Amino acid sequence: MWLRTSCDLTFDITVPTPFILMLRPRSGAQQWIAHEEYKLTPNVPVFEFTDSYGNLCQRLVAPLGIFSIHTIADVITADNVDQAPGAPFVEIQNLPDTVLSYLLPSRYCESEKFSEMATSITSGQQLGYNQVSAIETWLRNTIRYEPGSSDVPISAVEVNSRQSGVCRDLSHLGIALCRSLSIPARLVVGYLYDLEPMDLHAWFEAYVAGRWYTFDATQSDLKGGYVAIGYGRDAADVAVYNQFGPPVYPMEKNVEVQLIEKEEV
Amino acid sequence: MWLRTSCDLTFDITVPTPFILMLRPRSGAQQWIAHEEYKLTPNVPVFEFTDSYGNLCQRLVAPLGIFSIHTIADVITADNVDQAPGAPFVEIQNLPDTVLSYLLPSRYCESEKFSEMATSITSGQQLGYNQVSAIETWLRNTIRYEPGSSDVPISAVEVNSRQSGVCRDLSHLGIALCRSLSIPARLVVGYLYDLEPMDLHAWFEAYVAGRWYTFDATQSDLKGGYVAIGYGRDAADVAVYNQFGPPVYPMEKNVEVQLIEKEEV
Amino acid sequence: MWLRTSCDLTFDITVPTPFILMLRPRSGAQQWIAHEEYKLTPNVPVFEFTDSYGNLCQRLVAPLGIFSIHTIADVITADNVDQAPGAPFVEIQNLPDTVLSYLLPSRYCESEKFSEMATSITSGQQLGYNQVSAIETWLRNTIRYEPGSSDVPISAVEVNSRQSGVCRDLSHLGIALCRSLSIPARLVVGYLYDLEPMDLHAWFEAYVAGRWYTFDATQSDLKGGYVAIGYGRDAADVAVYNQFGPPVYPMEKNVEVQLIEKEEV
Amino acid sequence: MWLRTSCDLTFDITVPTPFILMLRPRSGAQQWIAHEEYKLTPNVPVFEFTDSYGNLCQRLVAPLGIFSIHTIADVITADNVDQAPGAPFVEIQNLPDTVLSYLLPSRYCESEKFSEMATSITSGQQLGYNQVSAIETWLRNTIRYEPGSSDVPISAVEVNSRQSGVCRDLSHLGIALCRSLSIPARLVVGYLYDLEPMDLHAWFEAYVAGRWYTFDATQSDLKGGYVAIGYGRDAADVAVYNQFGPPVYPMEKNVEVQLIEKEEV
């Protein structure tokens, strides 16, 4: 399906503030960006680089006053998310080198603490996709999804203790559970068509049978319409913006995802 | 200045043909892409990756029939190219690791054969920027620039023997001369505002005083208006398209660079 | 000074166990490995790769029975650690891209929680090296260094609450404090000559004035004799060994660091 | 089999000379280094880095006077080289991104000029391994292998015109022929047990059926005993040493490869 995604952010800057933005979706295996806008007002010098996860990041210093970021992308993405019940676990020794770091604990995914819990949740499941699927179902049924309830990422341990969280938080717990079973897992930040209420979204991917599969415990079933902006070990690696110095919050934030016709692109 | 660049290519494909395209300019230190379109007709699956030079490359298989590629970018780029007469040579031992490969000979820059010639051309010059500047001037005065005269890249040795060439060929000779003096040099492919006749363009950069500087022997003086698409050791690394299987040539190729107002972006 | 370092590990393996080892010190700016041994008994197939921090990692599956790892390196390393009182803070916008990830919170360094505390500890200090130095002194005077007290890494928050820890734990707190001040900081694991009691060691580095500087709150003053094995954001990234499946602990572990004469190498 | 390889180089340096050495074999899929020595006399500061092909490179400035390099490695390597008649060609669109650059022409492998010749040599062969095998056989029967005949690399075109060359030269022609058929191919420099006369050696690898396979037209049949030091597109990328400034040649060069017992390591 063709989607038009947009994200607008406006800040009131009181001291010149270094930012690292991650707002340029990359064309990749799953999606193709046919049209893109990325505007800054006022127009300041920007340096773009690729981080160690392959994300495109934009560095700049926001000047005093109103600073706004306006991005639009027309993207073709899959109508349906690939699912693969029965897809097998990959033995550690057979994982590609580049996937290994997604087995380690990270800031918000204290995977070393979830071994027993993950074993119990996935009890009786075939190793691999079905284990992750059982984790997703368990999250969906157990952890209350409360969109918009928090701005600060919380870790898997905290999510598990609160028994509720935003999309990112549920993903953190899902990732920690996967990694504790030696299944590589990573966080994805991006857009989802028809998300209610509309906002930036986060979900997770697990590596089984030689590739990454999408999981999302916030949705009752896995439909298509995902547009990825960034990948990382957890929310510490994939912030839509990182800002340094005294904290600054967006005065305005507007996210939209519309279905479009190919002809409109 | 704000520029709108476009490149359209149309092929008549008679057997399904794998392509690697390099047609997405990257936002970087020197330029910022505020608006971009990248359309393929028909719309086939594309996989984008970053090559070892940091270029964004697009892989696809062109299907039978008419296949067209349409790209547009609105870019802000410098009004003037930085120049730095007197900027010093960087001793090999002080070069960053990532720059070292630009000292080696490559497919179209047989730098190991130009040591004497480069020494003679740069005789009396201060080591560094001024040597490269002398090479650029020598190329401008010696090698006839014949735009459109050739489609196949030729190497520094061949350019020197023919005493003429297209922009890419002059750059190859410039690069080989620089490297023979232990100055890292690389090829850049992209657009140039006001280029006569308008086409895709190629120029070269040399690394002195801790950064890359732009040189272009095809222009009588260095103005601004450059938009880089790709960087590499020579034309073997930076082809706007690489195609595999029986050779296919564009039926149509249209390149444009317009000056625009910021408001039009 | 020339040092001979050795680390021997012996495991009793009851199910075939995938390991990722990080036991090969790299030759680099600070140290040169003139002689090295790396033996596995029994001798199993090993695959070596470079992780995203530049560490050499060795992957293998340990077979049933006694499995031992024996490593020796003869290394030249600095007699004194570079110190640079007054070396300035690097503005975020001037940091190299590759250093940016060392500003983010990580598994054991919850830097987003230490902003006030770091400001208070470094109050009155010149921005940069002196701030890190004040953090190091504060750690030395405040957090009890209890070598050998723990095998499991603990995070900066936990270290701060316990007010004691092993070398790795003190480093985690030091790193979190630095990052909260926007100073990039990383963990180093390796050897230290004359460490009491002898064991593998951990310390931290902070990036000021354009390079990494060494800090170690476990030593009363900074002498030379450091040999680095691995670098990372924290202990999650730099484990001497990561092991998957049911936990396995070394039956024997022996670490030695001897001063040698150049002639003995 | 266990091998002890050694390479000693001695230079008489008359002006301080920057060197980039590539003399540290890496442990990898095919070989494991259990013991290694790398000594420089006099002992100068060395900086080691990993190049874009994954090779470990050592940078240094050789001081005035006699400068010698002494390296030894005890390596376990396969008794036999894997062979796979019938292993299929990989379609361009299915090649991993990292392999694509080995399809392009490079300094000494002008692959774009060998299309017809390669088609004729491999006529009637199954696509993939058998094509490369036919190229290897053709090289063995057609191009005279003259070890020690040349110190300067020559390109595929020159080798084909001379109809003779050293190991590196034959490999260049083999690589160019493979690439012209869209089979990725790369040069390997290293040691070979029982090579006659003993010296550093070069061979080539081709990518078919999802992995790299070894080919060597200088040997009448493919035995084991290969120890790789470096990989690259051709000899421009994989020089055992690159030296800058006025040319310097080794006064002495001694290469040895001995079969050893595991117990001797």
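Order of writing sets the labels: A, B, C and D. Residues in every chain begin at 1.
Criterion: a contact is a pair of C-beta atoms (placed from the backbone, for glycine too) under 8 Å apart; a residue touches a chain by one contact, two chains touch by 3 or more.
Computed from a predicted model, the values in this text were never measured in an experiment.
> Please flag the chain sitting at the greatest distance from subunit C, going by CA centroids.
Most distant chain from subunit C: B.
> Validating interface symmetry: for the copies subunit A and subunit B, is the fraction of residue numbers used by both over half? Same or different.
same
> Based only on mean CA positions, could you tell me how far subunit A sits from subunit B in angstrom?
The separation of the two C-alpha centroids amounts to 36 Å.
> Mind checking the centre-to-centre distance between subunit B and subunit C? Centres are C-alpha means, answer in whole Å.
Here subunit B and subunit C have centroids separated by 43 Å.
> I'd like the Å distance between the centres of subunit B and subunit D, where a centre is the mean of that chain's Cα atoms.
Comparing mean C-alpha positions, subunit D is 30 Å from subunit B.
> Give me the residues of subunit D that touch two or more other chains.
none
> Report the complete set of touching chain pairs.
Listed in label order, the chain pairs in contact are A-B, A-C, B-D, C-D.
> In the complex of these two chains, what residues of subunit C are touching subunit D?
Of all residues in subunit C, those touching subunit D are 24, 26-29, 32-39, 43, 45-48, 50, 54, 56, 58, 76, 262, 265.
> So in the complex, which bits of subunit A are touching subunit C?
18, 20, 49, 51-52, 57, 59-61, 91-93, 97, 100-101, 103-107, 109-110, 182, 236-237, 242, 244-245
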